[in-house]
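The same chain A turns up in both complexes below, where it pairs with chain B and then with chain C.
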Partner chain A sequence: MKTQFSVAKFDQKLQERWGEVMEEKKQCKGCGGALPFVIGFVAAVIAGWVLFPDLIYSKKTQPIRFSHKVHQEQGMECSSCHTFRDDGSFAGLPNNESCMQCHADVIGTDPAEVAYVEKYAKTGKEVPWLIYQYQPDNVYFSHKAHESFECKSCHPDVGKTDTPPVYYENRLSGYSKQTMKMWQCERCHAENGVSNACHVCHK
Partner chain B sequence: MGLDRRGFVKIVMGGVAGTLFTPVIWQSLDDVSIWSQNWGWIPRLNKGEVKAKSALSKLCPAGCAVKVKTVGGLPFAAIGNTANPMSKGGVCPICTGGAQLMYSPARVKSPMKKVGEGKYEAIKWEEAEAMLVEKLTPLKGQDGKIAAISGDETGTANEVLSAMLAGLGSTGFYVMPGEMFTATKGVKLMGGNGQPGFDIEGSDLVLMIGADALDSWGTTVANQKAFAATRPTGGAATAQYIYAGPVLNNTASVCDKWVAVPPTAMATFALALANQLIAAGAVSSAADFGDYKALVAKYTPEAFEAATGLKADVLKDLVAKIKAAKAPLIVAGASFGQGAGALDFVAAASLNVLLGRVGQKGGMTLLGAAPKAIASAADRENAKDAGSFLASVATGKATPGALLIYEANPAFALPQAAEMAKAMGNIGFKVSFSTYMDETAALADLILPAPHPYERFDDAMNPYGVSKPTYLAGKPVVSKPVADCKDPVDVLLAAAAKLGLSLGFDTYADVIKAKATALGGDFDALAAGGIWNGEAKGGALTLGAGALAKAVPVKTDEKAVALAPVTRLAYGTASLATPPANLVTLRDTELVGKDLFVQMNGATAKKLGVAKGNKVKLTSGSGEIKARVHVSEGVAANTVAVLLGFGRSAWDEFTKGKGENVYKILTVSDEAGTGLKVWAGSTVTVAKV
Partner chain C sequence: MKAKEFNIKWGMVIDLDKCTGCGACMTACQVENNIAPMVDASNKLRTLSWMLVYELSNKKAAPDAEIAYLPRPCMQCGNPTCVPVCPVIATDKNEEGGIVSQIYPRCIGCRYCMAACPYHARYFNWEDPIFPKGMEKTLSPNTSVRPRGVVEKCNFCHTRLMKAKDKARQEGGNPEALADGAYMPACAEVCPTGAISFGDIKNPEHKVHELAKGENAYRLLEKLGLAPQVYYVSKREWVRKLGDNYAATGKAGAEKKHS
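And now, the complex of A and B:
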């Protein structure tokens, strides 16, 4: 038997469904409206600025607790160990040959010195120092060209420290937190009227 | 208040939006991008101090005094040493790639012993050295049972090798073929003694008969410097250079004149020129001038034309040039640096005697025997050739039980190479002291890796061609070799000691220092890029008429053509495959893909019925090779020219399997009158395939 369409019934069903929708809407307003969005937003901002910087870096310490302070007290200057070679290139960190000019044998009482002599000087193995401002091979940086700046303009001021600063290694890139980025180079070049052409740094 | 699905989605959306206002995404993107700079497989620069250290680079036969540029102690380039009076800042095309060759994938990385056909196993040095001593011990005291082949013409290592063999009761010390060997024999035939020298620098007319002096003959770099000095920029040339040889090679292409002489007619050319010089009034005070004059009378312009396919006017022009010159010099040699007979040398060198140019500035000189570091070592002028030795091994006349191979590749670079390699199979124990995995090392029972020139002490006494006694020495540039290698001489000295033989030295460094002292030189100054020079002698040479009278003119089959192997130093030497960097300099008329080209002039191509691009087979009595035809008028009449040094079956991916080994079709014959093995006059038949 064919069912007869009833306008009255249809209207009643429509009214009931409308009521349900309005009820759901009321309930949603009850659970916050825009509030969850704001909560998510704020939480992400806090996590991004507070937690992320800690999470992205791992903390490492230098293989030997090198005291710049002790060496400075001996009258040494930065350039005593961090020298320019005859060809103008920068030697960077001193190698065993330099260190062993004084530390072929233990001359003090500091356990760090003992560790150096035993582990490296006597074995001929170079100390795997962590380089705070390592630059990749595609960057040509001349220390000679930047000689007029103070070391601490770019490097951590370690001259008076007894313990080297913590080395923050980026878990993704592998670079140190202190590694200078290209924008920093460019800004300094721009401020000092130096060319920012690609070939200046990328040979 | 509960958190429903919509609420959760809103929090997530808020979180994502919030993240955009933090460094999380932006820094991570940046970090990932710079992380890609340091992937493990990306080569890293070796950072450190850049230095230029003096070295003796014996990658080329003459040895180049170079400055090796290092960074952080590791070599990365070689440049000329301007302080060295011989090379004067020049460097040959082999030695210029010395740094690359130090890191070559073809290097033997550690001692290896054969464990099966073509199979090797890396072993420790202790085991390798013990194996060497163990194999030599039962052969001690039996003449001919221990043999050695050296591919180093100039090193004092030869003194150690020959003295060691003598001490073990063997006279089996042999050298790879080269100009020095035949020229020294030739000087003896002219009544002299010693190694001939040529003062190219002091001459105002240099006629090179065969000798490819500006590319692959003698002290190439010094020769090039001498040539360049006579060509001042913007000024007139102060000396003439003429090349007589079968191919318009690198030497001929810069000379004032090229005379296209087939390789089978080199002696005829020299003697016909002597004929014309005598006709023009040349006389000599040599005792055999009369005989010589009578002998060269047979080499008439007509005979010259018949043998060379050239017009006799060429001779007249040369005679006029020689007569006009104040200090003419004839440089004698084979066009590819080996295989010529002593009589070929005598024929060309006799012109220097005829012109009174022996012992004169800009002339030919004689270098006496140098003082030895080891008294019991064999005299250099009495050297025996490795080709004859291996031929005796092939026939069973020689039955060595052990063969020491020092810096030589006889399985590749001896004529009839396939037979030579087969003959080596008759020897029970073969030791290859080699820097690279070459064809001979691949046949050895024990491979002992030798250091690269930058990793070792070495020296060079009288590189062939120098006009006065000359000594160079070098010491390691690097503190540690890149492979697990030992100096072969150190290994031999240690083995000799274990066999109860003391040669008075523990290391090669000590031997070289003793050599320098014996000469009156200072090793430290030499190792710093210096040079020791003595005085050259003149000597009363004859014209060699007696020996030349025994020479039999080369008879060629009507269907055969002369084979002119072509050497280019850039493409390698008898003991070194083409350096990878130099492969790119090969022309597409020399090698394309794996196909080698055979070059011939238009008339020869017509005679042979071949055309440009045809694939042909070159057949000799000793084998055959395939090549494509390139027609070039830079080849003498009835001659085909093919590059030497290709067709490698060992080495590395860059050189292996490219082209064919021309040594396979060089045919050895006995030189009439001297009995020397010769192959410079090899002939081949050419047929389309």
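And now, the complex of A and C:
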């Protein structure tokens, strides 16, 4: 009986205290509510979607303002400069030797061409091009196996550009933002019935 | 459990009567697969040897004493025990040719696969690889260097397969029907006595097709039913018996389940 009595007393005290709390809450109306939450949310979204990507990627431009457009207008194909070697491996970007077949001396009026000839062709130094699609070392990719696709189905369509796109480098990993992601490789393989076993793309 | 079947089955046939135990296959493997030399390699539980040559003995006193050497790559089992135990699907047997593949960055280093593999073909990187100064220039572009904390194993020099396929494409051939010898792992290529043969076991035009069917051909621990893609050949009965650990049928040369 004694126990029941104290429980009832405790309950009563609790209700009294609850009433006081509600009273205090009513008094500080305006210091809580939806507005601070919305402000915080918007700030977080701006930080995450606008500021952070700018912070994590550094922007770089190509050493020479290479115009694919000018070259395409001369009737050149992608494969005129981006060639396969005899063993089926892909040579990637052309080296000085290829460029100098035409640009051993200045043949136009573009200042970018003059810069190329003076800085690289005449000194024999290779141009340190930035490669948008550069992959980590543990990735094996064969251009030969993907030859039936158009270049621009994976690469940015630079054929019509006068200025190469800005290169975004991840400050933490050092990799390009524009490179193909693993899920993109896997999706295309799955859609075309190609194996997605690890060693198909990794080494 | 039924072994996974593929149209192509890359396999190795190792003639133990030809193997002199010189270890060239081990060296070639380390070079091809960028395995860093260890400062102290005396603890054999921590060394990395995708290809390892074991010494077998008939345990008899002279003049009957005989030894044999047994090179052990990954068996690329038809029923790999390492694959289903991987909690992160970092290893997989899902490709034409049947090579058990692995992606190192995904491996979390739990080493379940090592415990599961009865051939001890898997190795754990206890240390970060450190190449002596200047040696990093000799690294092979065929294999990425693995960091500390991941498991690795022989993959029949898989990049060589990819390159052989590319070469076939360039020359107008069929990358899914490579000629005998077009794709050779480093160990098979370097073996000075020709003890290691390599090819597509299912392709009658490849010489391993016949070798694997030979009467003296057997596989290691065949009783486990893992259907390895590596075959051994020896005319010596005691060698063949050791391959099955004496336990399969009680007689040398276990039953052959391959096609």
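Following the convention adopted for this analysis, the second predicted complex is superposed on the first by the 164 of 203 C-alpha atoms of A that agree within 3 Å, B and C clash if a C-alpha of one lies under 4 Å from a C-alpha of the other, contacts with A are read in each partner's own complex, and residues count from 1 in each chain.
Heads up, the rule we're going with is that a residue touches a chain if its C-beta (ideal position, glycine included) is under 8 Å from a C-beta of that chain, and two chains touch if they have at least 3 such contacts.
Worth saying up front: this structure is predicted, and the values here are computed from it rather than measured.
K.L.:
In the overlay, answer first, second, both or neither for which of chain B and chain C A:49 touches.
P.N.:
Touch status of A:49: first partner only.
K.L.:
Does the superposition put A:37 against chain B (first), chain C (second), both, or neither?
P.N.:
Only chain B is touched by A:37; chain C is not.
K.L.:
Once chain A of both complexes is superposed, is A:87 in touch with chain B (first), chain C (second), both, or neither?
P.N.:
After superposing on A, A:87 lies in contact with both chain B and chain C.
K.L.:
For the three-chain arrangement built by superposition, which of chain B and chain C touches the greater number of chain A residues?
P.N.:
B
K.L.:
Determine, under the contact definition given at the top, whether A:97 touches first (chain B), second (chain C), both, or neither.
P.N.:
Touch partners of A:97: none, neither chain B nor chain C.
K.L.:
For A:137, using the defined touch cut-off, is the partner it touches chain B, chain C, both, or neither? Pick first, second, both or neither.
P.N.:
Both chain B and chain C are touched by A:137.
K.L.:
Where does A:202 make contact in the superposed view: on chain B (first), on chain C (second), on both, or on neither?
P.N.:
It touches chain C, and chain B stays clear.
K.L.:
Let me test your reading of the model: by the given contact rule, A:20 touches which partner, first (chain B), second (chain C), both or neither?
P.N.:
A:20: touches no partner chain.
K.L.:
Looking at A:191 after the superposition, I want to know if it touches chain B, chain C, both of them or none. Which is it: first, second, both, neither?
P.N.:
Neither partner.
K.L.:
Which positions of chain A sit in both the chain B and the chain C interface?
P.N.:
Chain A residues touching both partners: 86-87, 89, 136-138.
K.L.:
Residue numbers of chain C touching chain A in their complex, please.
P.N.:
Result: residues 90-96, 99, 101-106, 142-145, 155, 158-159, 162-163, 165-171, 175 of chain C touch chain A.
K.L.:
Spell out the residues on chain B that touch chain A in their complex, using ranges where they run on.
P.N.:
Within the complex, chain B touches chain A at residues 1-4, 6-8, 10-19, 21-24, 27-28, 30-32, 34-35, 37-38, 44-45, 47, 49-50.
K.L.:
Hey, which residues of chain A end up touching chain C in the complex?
P.N.:
84, 86-89, 136-138, 140, 142, 144-145, 147, 195-200, 202-203
K.L.:
Could you pull out which chain A residues touch chain B in their complex?
P.N.:
Residues in contact with chain B: 27-28, 30-32, 34-45, 47-49, 52-53, 56, 85-87, 89, 91-92, 136-138, 170, 172-175, 181.
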